[in-house]
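Both complexes below contain chain A, partnered by chain B and then by chain C.
And now, the complex of A and B:
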């Protein structure tokens, strides 16, 4: 029986964003990384193109983070030195990108000065040749002091800087404009705010191909399905011509999964849940698996094993 | 595709006799299309029309039940109506079967069954568990297959599945465990007549395996003419991207075109050897339309992560999950333990619980019944007020559990402080707006 399969015809596609800049382009990266460009729902190769495979950014911080020991263990030899940590992520674990969180800028966590943060960025830029994502500490006021100097220190590198939020996007957008970087636009699991924020940033003249959406991901078991559905709707929007939803999507999986009880509670506390070391990895990896299927483009992960598992899952889905 | 009023009209007698209670056949057809009347009202309708219209009214994907009432739990698969959960919801969670090979030694088989029987988890107040045990005929030996099936049937309460392409082996194993109404796999082009006859005789659901989508549709069509409709479809694909494509094709054709030969539940088999990689592969199938999957992993953290994913994907987006409104203990709170107020929207509650636990200060949490809405939504809807919080505190008798009289409310509803203080007589502390701020807040206020 010859079955005529249904192939959807879409009028548009996800936009592409290029991360990093080579020497020829005014930066110092060995190569650039392009994300997005999909003209179909995730991995449906029979009806459209997935020109750029989803990529993995490994998270490093400029202070020893308060992560679960299971997740910190693989880095115990480098965790006090952010440049060495980043280098290990690229050399040993094959990270496509480094996600540098300037946690120590937080007034509660060291209150590093903008100059110190700029120095940190330079060290990491020297240690690795992959493109960089750089985010502030999460303290809006302080980040507004820090990020412009970081943007300046990284001028020419085409960094992906974050995070811009609906009530705090102007300073970062301006810094990205002046120093030619791309921006992470974060919305609180809300497709309308995502769209609105993209419009606001775009109105400041930052082009759409320099915006990446952070939809605020929930962890497995903690609202992952909300973001999952929002991302599916965003992809459908992008494919049907809604340009303000057509940016690639970044999923900060490690951060969210790392907060889940399942990634932290020992087997002594929950004997039925099995070994914590495996569980913490699985929680991060399975959260990523869900968002791979929802149409994420950049996955920010922490543990090398979940990086490996996510990469393998993407490999399998990219086979035509 | 649903029939229009005009499509239906063509099948009616067109006599305008009015005996159905509607003056004309056309008006009756319109009423039928709108679901306002039923075909039985027409005394003159032809058998052909009944069949056509009856089929059009059937759901796009057939509902198939697995196992028996005596099994651990009832399993229904199929009967899905949408392609995206945000369009409505997914109804029947992907059934998870765990494989047991019949070439294991007795001791290994028992050890594996013990692990499988333990794949039941408590999480966020719910029970997650696998659904079936799939016995596979890896030995190629019919007697051994039957013996293994018997042993599995005797040692598990989960529903059963028998997997072999050898109809003789299936017959022998089925004889041993027919009372459990196992799922039979596979009926193929080569053996379908025997296997489907067997399934029909014992009333078992049967997995149809074709070589690709076209062959699977052809086979399903032939089998449905044997008057056995409890079918599950396997296109034979095993590479992740191929399986995904086939699952999408089947779901789209069934939902959007009402293509009957593919209007049945579907099944996917994982191939990754490593249990963790296997769960990643299974995650795609759970999200994208497999009605059933067969896995090999029995490791608890791995299976828990997969079952949690299934739970999340099949959560009804229109009906927020709620937690019971009662006093929850985090750690072992004493008489000086902090008391936190939140709402009974499951996601809100568990986010707060996670952060309170992270504060490492044993505490009480009281979720107020707000019909499963989040803090701001509940407040805006008048379901989270000083009075309703005070009433909940009183009904749950938190006064008897602590010596102090201080209660923490979410920062977003700081405005309720006065009313709550008045209604409860407790001192109100305004907590952080986001749950993530709780550890720092708790350290400052309650840390010693």
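And now, the complex of A and C:
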């Protein structure tokens, strides 16, 4: 007797968000990228649709970051020029998106002016044709000056701008409304705040299909399981009709994995841990693999080798 | 949670008069108001005073459907009136109701099958309402068996354990809650459960408080649907809060607002 596969039927699905805009749509991108739309738990192709493949964004910064030398090495020829760096990520490593962090806006890391940041954006827009994600330096006060100008400079491009937080979302939301961009809504590994922030942003009239959730991922060994279970619960919420949790999810894997001790300590310090060059890359790749399976939609990565490994994991999971 | 708006009932003076005089306005107003408040179904009851219940029911169905498109819950002990109403319903309706009384089951269940309607089965028979949960469940089981016999899908069956006014029949409420807990065990797929909420507070003081306290307890016991005053904000807030406590909806600070805006 054949085994009958038990299938769940869900009443709803994850919303879709479109990133970027082509010439016809008022932008300059060669194509747009659509994320989300899943009508099942991650990759259960027998049960529902996974219409859009999860995508990889490669992170570039407008100043030389203090990343581990192992992670910076593949970019040593371009790391001082953010446009060239972005171009290499797309041409050589096949990045689906570029994640531009305007780190130099930080008052302590260069204090770049809003105008300078807008210029940086324009350079990167010229250098690559893929859709862009642009985030501020992480200094709320400064970012509230910088991001509206960045949003204006990128008007028409349908950027994904970040990051909005529960205590600082209004300026960025308004900038996204005025210049027609999408927004990253970040919560501190807390599903209730994630939902509330989406409601607050939506109450300012930014449509739900222009919000992407950043649940604040934890790296392997640093809370990955908490984020995993929150992402799982969000997905179940989305599938059962909780529209305020039905947005696609962005996972800033490179940033989180790059902070882990295991991705930075040399073999001289911990001989049992093995070669750092391989370990640092694997820490990022393994963290990403976990979140691919958790149902993330956009993965922000740094090292080309972990990009390749993550892409391979996605390939395998997308096979029906 | 399936909310059935109770307000279009000839027992209310404005509706009774509207039916008698053929005045559509109060029907339209209450239909729109209840749907706006989140009603999934609208209960239609011509009341005891209607001269021609069949004609009155058809009029109520047509008048209501002029302004809203939610499904209707046809509430009458006159099965000719229900049948006439079903013929005019645009969406599969809910028949309210039939007891575990063989001749009545034989009349109502084939009608439900013919029109694809759902049915509320009352946990009572010709002898009346049982005192305890065990006998209520026995009658519910008779209805489940009859539904199967007459090919009404069990997903379309609602069991009403019959709550009585708490000021005269206090010992019934715990039995009703126990019945709600056990109805899902009767069959697979299980029938749903429903209560006519305001019955619990008939002629009590603090009616609204009695209603919402009982509703919270019934939800904890697994209640699926209720015929209630959907325009009672505090009652709807109670449902939203119970759903949070029962972990059916994910909490956020705006959860009351989110629940009120559901489906919107």
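Basically, the second predicted complex is superposed on the first by the 320 of 320 C-alpha atoms of A that agree within 3 Å, B and C clash if a C-alpha of one lies under 4 Å from a C-alpha of the other, contacts with A are read in each partner's own complex, and residues count from 1 in each chain.
To be clear about the criterion, contacts are C-beta pairs under 8 Å (C-beta built on N, C-alpha and C of every residue); 3 or more make two chains touch, one makes a residue touch a chain.
Remember, predicted model here, so these are calculated numbers, not experimental data.
Contacts of A:222 after superposition on the shared chain: chain B is touched, whereas chain C is not. Legend: residue contacts after superposition of the two complexes on their common chain; A:22 is shown touching neither chain B nor chain C. For chain A, the partner with contacts to more residues, out of chain B and chain C, is B.
Residue contacts after overlaying the shared chain place A:108 against chain B, while chain C stays out of touching range.
In the superposition on chain A, contact is made by A:192 with chain C only, not with chain B. In the superposition on chain A, A:242 contacts chain C only, with no contact to chain B.
In the superposed model, A:273 makes contact with chain B only, not with chain C. In the superposition on chain A, contact is made by A:233 with both chain B and chain C. Look at A:320: by the touch rule set out above, it reaches chain B but stays clear of chain C. Residue overlap on chain A between the chain B contacts of one complex and the chain C contacts of the other covers 233. Listing the residues of chain A that touch chain B in their complex gives 1-3, 5-6, 41, 43-46, 108, 218, 220-226, 228-229, 232-233, 236, 259-262, 272-275, 278-279, 281-283, 285-286, 289-290, 292-294, 305, 309-310, 312-313, 316-320. The part of chain B that touches chain A in the complex is made up of residues 84-86, 120-124, 213-215, 217-218, 221, 239-241, 244-245, 248-249, 252-253, 256-257, 259, 261-262, 276-277, 279-281, 283-284, 287-288, 299-302, 304-306, 308-309, 311-313, 315, 317, 347, 350-351, 353-354, 357-358, 440. The residues of chain A lying in touch with chain C in their complex are 191-193, 195-196, 199-200, 233, 237, 242, 244-245. Residues 249-254, 257-258 of chain C are the ones that touch chain A when the two sit in their complex.
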